[in-house]
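So, here's a batch of structures to check.
Here chain A shows up in two complexes: once beside chain B, once beside chain C.
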Partner chain A sequence: MLFSLAFKNILASKGRTFTTFILSMFTTIFFIVYVAFTDGTHEQIIKNSVEIYTGYAHINTKGYQEESDYDHLIENSRQLETFLSRESFISQFSPRFETYVLLSQKDKTVGSMLSGIIPSRETNLSYLKKSLIKGSYLEDNDTKAIYLGSDLAKRLSVDVGDEIAMIGSSLDYSTAAELFKVKGIFKTGLFEFDSTSAFANKAYLDQIMLSENKASYFVLRFVDNEAAEGYVKTLNENLPKNYESLSWKDLLFDLVQLMQVDSLFGYISISVFFFVIFFVIMIFNYVNIYTRVRQIGLLRALGMTPKDIKTLLFNELFIITLFSVILGAVIGSWIAYYFEVNPITIPGLAEMYKDYGIVADVIPTRFDIPTIIWNTFSIFVLNISSIFYPIYKINKLSVIEAMRYV
Partner chain B sequence: MKLIHISKTFFQGSPKEVKALADINLTIDKGEFTTLSGESGSGKTTLLNIIGGLERPTQGSVYIDDIELTALNDEQMAAFRLNHIGFVFQAYNLISVFNVKENIGFIMKLLGDEDTKIDKRIEELAAILQIEDILDKFPDQISGGQQQRVAVARAVASRPKLILADEPTANLDSKNSERLIKMLRTLNEKEHITVIFASHDKYVLDQSKRIIVLEDGEVIEDN
Partner chain C sequence: MKYFLSFIFIFASFLYGSEADIIIKEVEDNLRGDFMYAKMRMIVTSQREKRTVEIESWSQSDTKSFIKILYPKKDRGITFLKLDTQMWQYIPKIERTIKIPPSMMLQSWMGSDFTNDDMVKESSMIKDYDARIISKTSGIATIELLPKSSASVVWGKIIVYVDLQNKVPTKEIYYDDLMKEVRIMNFSNIQRHGSHNIPMVMELKPLDIEKKKNSTKIIFEIVNYDTPIDDSYFNKNALERYSN
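Let's look at the complex of A and B:
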C-alpha cells in the first residue's frame, strides 16, 4: 500500500521526480567517470613504475633497502637462483647489480646508476628492451657495451657508437674504470629514470666490479602478478633468514603514498561537490515535502503513523534514487569503459607531466566494476540520507498543524 | 465514550493565549447520531478533533471503550484512529493520486484487508452512496457532492465504531447536503456506527438525535 502510494506520488509530482532523478543520475555519472580517470591515471603511473623497471617484487639481503651499499649485497647469487627456480609461482627472475658511477664524455661528467643485468632474462621482467629508441639492445655476451637512458645520453651529448668513460668503485673499493661504447639508447618516459640510468651486461660488469656471483637484488615476476602480496608473504616465510622479499607496494612506497594522498585530496574536493548536491537534494525534498504537508496531515489523520509517513517518503526517494543511480551507473560505466578502450589523447601531455611518471600522451581510464558498484552505492546512500531531515521536520508537526498548514 | 474535564488552551502562557474549551464533561453512547453545534469559535471543531485524537487536550481525559485516548502516544493514537474512527472533513480531503475506488479502500488497505473483501465493501458502499459510476475517476474529475460521498464511503468502509464529521455539508448545496446526511443516517442505523458532527447547518441539526451546543468553549445545552 505504502509502496503503491509512493509510486503514484512519484508519477503525480513529475517536476520533483524529474529534478531529483537528473541530479542523482548526473552525480552518479560524474563520480564514476571522475574516479575512473583518477584511478586510471594512478594505476598507470604505478604500473609504469613497476613494469618499466622496478618489477613486481625484489629479494635482497636484510638492510639493503636502508643502505644500498656493497655491504648488503647478495653474496651467493647462484644459491638464491636455485632456491627461486623451485618456487612454482615465480615465472621469471633475474639478478641485478647496481652501482653508482661517473660517466664521462669529453668535458662532460655525469653521475649515473649503472646496472648490471642479464639482457635476455631482463626482457621478460622490464620494458628496457621495448624502450629502445636508437641502436640496439644489450646481449648476454656483450662486453664494453652500455645502454643509456635518452636524457642521460643528452646530458652527456653522446649518441650510439660514441665512447664514454666510466669510473666507479669495485667491490674491494679499488677504482673500477672502463671505456664503454654506447650500444643503444632507450626512453621509458620516466624522466628521472631516463636521465640517470645506464645498463651493461652483468657478466661483463661483474669482471670490472669484482661482483661475480653477487647481486644487489633479484627482480621477480609471478604467474599472477595481482597476487604479488601473497607470494611475497610466502617467500618471506621460506627464504633464508638473511634475505627478505618486498612487493612493489613496499618498493614504491613513496609513490603509492603519493597516489593515495592525491586520491584523498581528490575525494575531499569531490566531497565538497557531493555535499552541495546532497544539500540541493535535501532542500529540494524539504520544499517538496512541505508543499504536500496537508496531504501528509490527512494521511496521519486517517491513521497512518509517523513511521508510515517516514516509510512512504523514504520509498518515494528510494524508488527515484534507485532508478536514477542505476541509469547513472550504466551511463558512467559505459563512459569509463569507452575511455579505457579509447583513451583520450592529448599531444604533449607526457612531456608536461614527465615528473609525475606520465609516459604517454593519453589519459588512462580504469573501468573497474567493484569500484563502480561501490561508488554507485555511495551516491545512493548519500542521496537517500538527504530525506531524513525533511522527514524528521514533517513528523514534528501535529496532525492538525499539518492539515492546516498553508 | 466519555469526556472528562476536557480543557484546551492554545498558545498557553503567551500573550496570544486562547481558551478554546473549558471543563467539558460528556458521555456519548454507542450508535448515537449527535451534533456539536455552536457559533464559529465556540470550540466544536476543537472538541471533535480531541475526540478523534487529532489534537490533545490541555487537561482532561477522553475514554473510548475504556481506552484512555489521551494517554496514547502518537503511534498508538494513529493506530487507534485507523482501527476505530472514520473522518469526514469539510474540504473532502481525498487523496488526489488515488481514484475513487482506491480512496474508498485506502483505510482497509492500511488495515491489511484482502482485496476481495475490500472490493466487495466498495461495491456495497458505492451502491448505498450512489457513486458506482465514478469509481475509476480521480477526485479532480468529480463534483464536490460526489467527493463528499466518496469521503463518507472512505470513512465508513472499515466499519469504524465512530464517525466524526466536521462541517461535512459546508461546501455542498442543500440537495447534496440532504442526500449526504440521509446516507449517513442510513449507515448509522444499518451499521450501528456512532456519528458525531460538528456543524451549525440547520438540516444537520434537524436530523440529529442529540444536539450539544457550545459557546465560548463550554457546553450550554445538551438535548
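Let's look at the complex of A and C:
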C-alpha cells in the first residue's frame, strides 16, 4: 500500500519529481563521463609508456633497478634466452643492452642513453619501428647505423645520413668510441625519451662495448598482457636465483602512483560538486516535504506511524532516484562508449602536453562497465541519503503540530 | 664577566676559523704549485675486474691541466684538456675532439671512482668552503669544510685530516647533501719533490654498499714541480698534437 501511495505522490508532485529526477540523472551522467575521460587519459598515458618502449615485463639481475651499471648485467644472455623460450606464456622477448654515452656532432655534445637492440625482434615489443618519421628503421645486420629520437637529433643538429661520434665506456672500462651514421629518426611523443634515446644494432654495439652474450635486461610480451602480474610471479618462482622479473607496474611505479594520486585529487575536486548536489537535493526534499506537512499530519491522524511516513517518503525518493540514475547510467555509458570509439580530437594537444606523456591529439575515454556500476551506485547512495534528515525533522512534529502547520 | 667570556669565545672561534683557512690554503698551495708534471698509475678495482691505467699529466696552477693516457693500449693517446671548468677529450680512434657537457660532469672518469667533475673541479677548498678546526693534536688537524652559500659544489661537507708538518691531507671524508658519508680518500707515502711535499699514493673508496668492492688508487711515479710547462699544452690544438 505504501509503495502505491508513494507512486501516486510522485505522479501528483510533477514539479518536484521532475527536478529531482533531472538533478540525479545529470549528476550520474556527469560522474560517469568524468571518470571515463579521466581513466581513459590515465590508462592511455600508462599504456603509451608500456608499449612505446618499457614493455610489459623485464628480467634483470637483482640490484639492476637500483644500480643500472655494468656490475649488474646479465652475464649469460643465451642461457636466459633458452630458459625464456621454454615458457609457453611468453609470446615475445628480446635482450637489450643499455649504456650512457656521449654523442657528438661538430661542437655539440649531449649525453644519451644508447641501447643495443635486436631490430627485428624489437618490432613486436615496442613502438620503435612504428615511430619512425624519417630515414629507415634498423636492421639486424646494420653496422655503424644509429636510430635517434627526434628531439635528440634536434639537440645534435643532425639529420638522416649525418655522421655522429659516440664515446662511451666498454665493459672493461676502456673508452669505446665509434662514428655512426644516422639511419633513421623516430618520434614517440614521449618527450624525455625522444630527447635522450638512441638505438643501434645490438650485435654491432656488442663488438664496440665488449658486451657479447650480455644484456642489461630482457623485455617480455605475454600471450595475455592483462595477466602480466601473474606471469611475472610465476617467472620469479622459476628463474635462477640471481634474476628477477618485474611487471610494468613495478617498472613504471612512479607513473602508476602519479596517475593514482591524480585520480584521487580528481575525486576530491569532484566531491565538492557532489557535496553541492547532495545539499541541493536534500534542501529540495526538505522544502517539498514541508509543503506537504499538513498532508503528512492527516496521514498520521488516519493511523500511519512515523515509521510508515519514513517508508513512504523513502519509497518516493527511492523510485525517483532509481529511475533517474538508471537513465543517467544508460546515457552516461552511451557517451563514454561513443567517445571511446570516436575519441575527441584536438589538434596540437600532444604538442602542448608532451611532457605529460600525451602522444596523440585525442582525448581517450575508457568505457568500463564495473566502473560505471560503482559510479552509478555512488550517486544512488548519495541521493538516497539526502532524504534522511528531512524525514527526521518531519517525524519530530506531533500529529496536531503537523495538521496545524502553516 | 658573561660578556667577556662571550667575547673570548667569539674571538677564539674567529681565530680558529682563520687558522683553519690558513692550514687549508697551505695544503692547497703545497699540492698545486705553479707548475706540475706527473706520471702516474691509476688502479681501478671494480666488481667486474681490476685494471691499470697509466697517465701523464701537465698542469699550470689550478686552472689548466692536460692529461694523456699511456696505457692500456686500447686507450693510448686519449687526451683531456681542462681549462677553468671546461673539459675536452680527444679520441684518436675516431679522430674527434668532444667537449664534455655539464650534464656528464658527475659521470665516472675513465671507469674510475673519480668523476669528470673531480678532474675539472676548479672548486677550491679555500674559495668554496668555510673551514673550521674540529680538533688539533700535535701533528694532525681535523678540519670541517662546509660549502659557502654562494658556491656551486657537489659535496654537503668534507672532513679533512691534515698532516701539519708536511702540509698534506692524510684523509678526506666526503658527505652528500644529507650529510651521509659518500666516499673516503686516503693519502699515504709522503715524499718531498723540490719545494713540495706530496702523498705519492691516493686511494679513493666509495662507501655505497653496492660498490663495496670498488676503489681507485693513484700511484705517482714521477712528480716534477719545478720545471715550467709550455703554454702549448693548454689549448685545444694540443689534444691532437700531443696525442701521439
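Keep in mind that, in the parts below, the second predicted complex is superposed on the first by the 406 of 406 C-alpha atoms of A that agree within 3 Å, B and C clash if a C-alpha of one lies under 4 Å from a C-alpha of the other, contacts with A are read in each partner's own complex, and residues count from 1 in each chain.
Basically, a contact is a pair of C-beta atoms (placed from the backbone, for glycine too) under 8 Å apart; a residue touches a chain by one contact, two chains touch by 3 or more.
The model shown is predicted, which means the values in this text are computed figures rather than measured ones.
Enquirer: After aligning the two structures on chain A, examine chain B and chain C and state clash or fit.
Expert: Pair status: fit.
Enquirer: After lining up the shared chain so the two structures overlap, which partner does A:Leu11 touch, if you call chain B first and chain C second: first, second, both or neither?
Expert: In the superposed model, A:Leu11 contacts chain B only, not chain C.
Enquirer: When the two structures are overlaid on chain A, which partner does A:Leu102 contact: first (chain B), second (chain C), both, or neither?
Expert: The answer is second: A:Leu102 touches chain C but not chain B.
Enquirer: In the overlay, answer first, second, both or neither for which of chain B and chain C A:Val110 touches.
Expert: second
Enquirer: Just chain B (first), just chain C (second), both, or neither: which does A:Gln295 touch?
Expert: A:Gln295 contacts chain B only, not chain C.
Enquirer: Once both structures are overlaid on their shared chain, how near does any Cα of chain B get to a Cα of chain C? Whole angstrom is fine.
Expert: 69
Enquirer: Under the definition above, what is the set of chain C residues touching chain A in their complex?
Expert: Touch residues, chain C against chain A: 44, 46-49, 51, 72, 74-75, 78, 89, 91, 93-94, 96, 98-101, 103-104, 107-108, 110-112, 210.
Enquirer: Quick check on the complex: what are the chain A residues that touch chain B?
Expert: Residue list for chain A touching chain B: 1, 5, 8-9, 11-12, 295, 298-308, 398-400, 403.
Enquirer: Using the touch definition up top, name the residues of chain B that touch chain A in the complex.
Expert: 49, 52, 54-55, 74-75, 78-79, 81-83, 85, 87, 89, 93, 95-98, 106-107, 109-110, 154
Enquirer: Could you pull out which chain A residues touch chain C in their complex?
Expert: Result: residues 63, 66-67, 70-71, 100, 102, 104, 107, 109-111, 165, 167, 169, 171-175, 177-179 of chain A touch chain C.
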